[in-house]
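Once you scroll down, you'll see the structures, which are given as structure tokens.
Note that chain A is present in both complexes that follow, paired respectively with chain B and with chain C.
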Partner chain A sequence: MSRALARPYLLLSPAILSLSLLMVAPVVFVLAYSFWLRTAEGLDVPAFQFGNWANFFSDEFYWLALYSTFKTALITTAVCIVLGYPTAYFLARAEIKNRGLLLFLMFLPFWVSYIIRTMSWINVLGKNGFVNAVLMGIGITDEPFKLLYNDFSVIMGLVYFQLPYMIINVYVSLDGIDRNLESAARVLGCTPWQSFREVTLPLSLPGLGAGSLLCFVLAAGSYVTPRLLGGTDTLFFPDLIYEAIISQLDWPFGAVLSVVMLVALGLVIAVYNRFMSLSDVYRSFAR
Partner chain B sequence: MSSVELKKVEKHFSGGVVAVDAIDLDVPDGAFVTLLGPSGCGKTTTLRMVAGLETPTGGEIRIKGQRVNETPIHQRNLGMVFQNYALFPHKSIFDNVAFGLKYRKVSKSDIAARVKQALDIVRLPGVEERFPTQLSGGQQQRIALARALVIEPDVLLLDEPLSALDANLREEMRGEIKAIQQRIGVTAIFVTHDQGEALAMSDLVVVMNKGRIEQRGAPAEVYEHPRSEFVANFLGNANFVSGTVAAVNGKRVSVVLADGARIDVADSARAVEMGEAVNVIVRAEKIELGGGGLAGTIAAVDYLGSTARYDVTLAGGQKVTALATIRDGARRVGEAVSLAIAAEHCRIL
Partner chain C sequence: MSMAAARQPGEGRIGWALLRLWSIAVYLFMFAPIVVVILLAFNSSRSGAFPMEGFSLQWFGKLFANQSIVDAFKTSLILAGTSGALATVIGIMAALALVRYSFKGKEGIQTFLSLPLLMPEVVMGVALLMFLKFISMPRSFAVLLLGHTILSLPYVVLVVQARLVGLRASYEEAAWTLGANRLQTFFEVTLPLISPAIVGGFLFAATLSFDNITATLFWKKPGIETVPTKIFAMLRTSISPEINALGAVMIVITILLPLIGGYMVRRFAKTK
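This part shows the complex of A and B:
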């Protein structure tokens, strides 16, 4: 290899090295683990057999868990879009002086530990929590609503955590749109709503797409929120991985679940890439 | 008939910025009117108020005789060309040009025919399938023009459409825009801070300064007879030579400089008195080198090819700039010259 050809690889070597050590190697190990044998005595011994995989594929429960996880992630993403897009639009377009301050405030909660922020929802949604206290105080209900430890509280917690990511992604892409494009559309005969649909929305899709992907992947992979805010019947895939590896010490099966999760999310990203790859997004909308 | 009328139109922005200060303007039907002025003088704001993109804080705007202050942007039927083209990057050239027609309920087959015609007019046939980024800057600006013209607007608004182009292309495009405007007969309001563009293209030049109109008139009139020092200065290289009035004969005035030299002014714009200190305004290209009454020394030479710009220090210490055609080589720094200034080219404001 000539020097000129070697140069990019040389420059990339720190990234390649750290990525292979910290990302690729562990994944390879996990994949290898998934073929190990768990003995009746509870020992994990090296082997190459498909028993763990067979167990996974034959048990509907895990598919149900995967489905329920993706469903929750999808709802979370949808709620984030509905709440996040208008907020981002306001931040990008309103004539406000303290845009920077508002953006800063949005990320301020990130200075507090994620676990503490999640647990504080218990005080808000719980039986004696803030919401129920207010509702009972003004006489809307006598019995406290069951707001906590169900899918609602899980989605609530996930939305709360992920919303800023959605907002910032959409904000950045809205902010990058030349305002003259909207003016041009208006002068050519568009109402404000039509110009939004024709120009602003399509041109902000890359940000909306990136924010949605991020939301979905983070939500599907989250573990703390469902565990703290979910109920006994909450079925969340990352939680099952924790159960298998930490509680049951069944590393081979935990590895199977991890690989399934990785592949499932990988598929989502691949599908996203197929339809939303940044360079294509403009063109796909021109049709 | 007036196509666009502004009556005491003003625009105050929050924070006490007066962008446009009670201006009156009549744009005759089919005319090419240029708003000319330095950066920040309110040209864009004026144009955007006509388009409806900015709401006037006072005054009245009429288009074709109708008050439009309350008419929403999309109902004004105007064409607008932006400095940065503002083509929709996610739409093909066809969809860009067809955009305005789509919102005017034109049938599909008519749209196709009119887009084709518009692209022919801007001499870019056959680019319908391409995307804006696949065109050069000049081509994009032609498409922007086609997009604005295809809807047959009542008025064509152009906000520094040439300033993003390089010099050669700019001159080519300015001829072309003017030719297209004349062929179609559309009323045009053109914003620029380039005096060359303004003089070359306009039927009417409106010189703006600090949100007000300084002067308006045909290009030659504004250039030859500036009514304020600002206009004289902004439109080309004006010299201001200070002296004292030594003789007054009607509009004919003689001014004596500090060194005793005399300049005659044929047509003073105002009445002056004997002994009054005045500035005589004379353009650089009206000063002839050689064979005149003023003595001076060449202090600097700017060689421009066919012409040269000379900074000349007069005997009394004042500096003037002269623009002269080069015949047998440019003059040199330090050379003594005599300057001739014809009385009809001098003005007192």
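This part shows the complex of A and C:
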């Protein structure tokens, strides 16, 4: 290969090498680790046995955890669509002067630290939080409502974190639609609602899909939000992984749980990729 | 606007009014929690919650007197600076290759480099922890540095790529034609042209690192805290006015930093 032809590969090699060494190899290693043997003395010995996997498959607790995690992620995604689509539509289509400023404002909370944004919901929903202070102040209730440390507060925290992803994806998609198509639908006798349903909505599906996939995957993979805002009965899969690895130091079993998480989310992504394009999702990060 | 032309006068007014109300509600939803944190940071009450009892700056004072928080800030800043610089150098090289050259396997490499974006952070945390332990590298600052670099690399590649698209090869060709060698061309032409992308990529990567918590919890040595893990640990006992003050400081830093960065990039671009 001549020097000029080799140049792009040379420029790419640090990125490819570091990703291969620090991401691909470790993930493959986790798969291998899930077959290792944990001895009675708590030592992990390289082996090829199915004990860890048998433990996983024989205990329905872990399936329940996976189910409850995916359910919460799905609800979070649905709430993001309901809150985000109309807002993105408004930002893209309304005749407003400060569109740039409004878009900028939507992404400001994005920059605020994740842990602070999650923590802020304790201040909002807590016993002496903002919502209860207002409700008791105007006399709606004498006793504070229990709004925190349950599935509701987990979903609020997750939605709060994911919503900007949804809005930017839908907004970009709506913004890219040729307005003449909508005008044509109107001229040909569609009502505004019909023109939205038959033209605008289908054409914005790539953005809606990308936003939804991101919401789902990021919500299902989150550890800190359910940990801080969830109750004692909140069951979240990433939390089980953390417990196995850091608290119980049972690495082979933690490896099993990690592989399960990766495969489960990989299946969701594969199904998505069957119908939509993953490159839309990747591109949305660059904006 | 073509939309307006197709619309009959007065039509859909209620619909737009509802949309506007909905959007205002969503904006309130986005900003109310942040405002609440800042508000409570100045509350003189000891409970760190409502009701507001009076204005006080004491919690900020307590904050800066707390050595473990100051240490966490130091760790976070060093980590963000080093991993950000590393990710930026590697990322800019990759982005340059992807934007400037056409070559075999480009699509595949692009997808490969974006793959980690959808990787659950918990799994990434577990994987790198196990792998580095296996090659005799236990939890340490070095693991955090490598891990944070890898986590922000795909973002840097994508963000820098988007900014480099407008960069035309003709400037460099002109420099060569006028007798500059490769090194001179790079330092005199290419580097000044891509420096906004470098600054942007670095700020992005540093912010991601500064903000990271989930993977950090897996990689950090017990006893070493970054700002987010410190807050996380403090929150496990209870919410205190000190945490609200820390939150307010973090909000100001994380919002101001990108704003200053963006402003500097624009100014820099203008003067050139």
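Simple rule for what comes next: the second predicted complex is superposed on the first by the 259 of 287 C-alpha atoms of A that agree within 3 Å, B and C clash if a C-alpha of one lies under 4 Å from a C-alpha of the other, contacts with A are read in each partner's own complex, and residues count from 1 in each chain.
Note that in this section a contact is a pair of C-beta atoms (placed from the backbone, for glycine too) under 8 Å apart; a residue touches a chain by one contact, two chains touch by 3 or more.
Quick caveat: nothing in here was measured; it's all calculated off a predicted structure.
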Between chain B and chain C, whom does A:Leu188 touch in the aligned arrangement: first, second, both, or neither? first
The chain contacting more residues of chain A, comparing chain B with chain C, is C
Tell me which partner A:Phe50 touches in the superposition: chain B (first), chain C (second), both or neither. neither
In the overlay, answer first, second, both or neither for which of chain B and chain C A:Pro202 touches. first
Where does A:Trp63 make contact in the superposed view: on chain B (first), on chain C (second), on both, or on neither? neither
Would you sort A:Phe275 into first (chain B), second (chain C), both or neither based on which partner it touches? neither
Once chain A of both complexes is superposed, is A:Pro26 in touch with chain B (first), chain C (second), both, or neither? second
Between chain B (first) and chain C (second), which, if any, makes contact with A:Asn180: first, second, both or neither? both
So which bits of chain A does chain B touch that chain C touches too? 180, 183, 186-187, 281-283, 285-286
So, in the complex, the side of chain B touching chain A is made of residues 48, 51-53, 72-74, 76-80, 82, 84, 86, 88-92, 95, 99-100, 103-104, 131, 147, 151, 157
Okay, in this complex, where on chain A does chain C touch? 5, 7-9, 11-12, 14-16, 18-19, 22-23, 25-27, 29-30, 33, 83-84, 86-87, 89-91, 93-95, 102, 105-106, 108-109, 111-117, 119-124, 126-130, 132-133, 160, 163-164, 179-180, 182-183, 186-187, 192, 213, 217, 220-224, 228, 238, 241-242, 245-246, 251, 254-255, 258, 261-262, 265, 269, 278-279, 281-283, 285-287
Give every residue of chain A touching chain B within the complex, in rising order. 178, 180-181, 183-191, 194, 198-199, 202-203, 281-283, 285-286
Which chain C residues qualify as touching chain A in the complex? 1-7, 11-12, 15-16, 19-20, 22-23, 26-27, 29-34, 36-37, 40, 47, 49-51, 89-91, 93-94, 96-98, 100-101, 103, 106, 109, 111-124, 126-132, 134, 146-147, 149-150, 153-155, 157-159, 161-162, 207, 210-211, 213-214, 217-218, 227-228, 231-232, 235, 239, 243-244, 247, 250-251, 254-255, 257-258
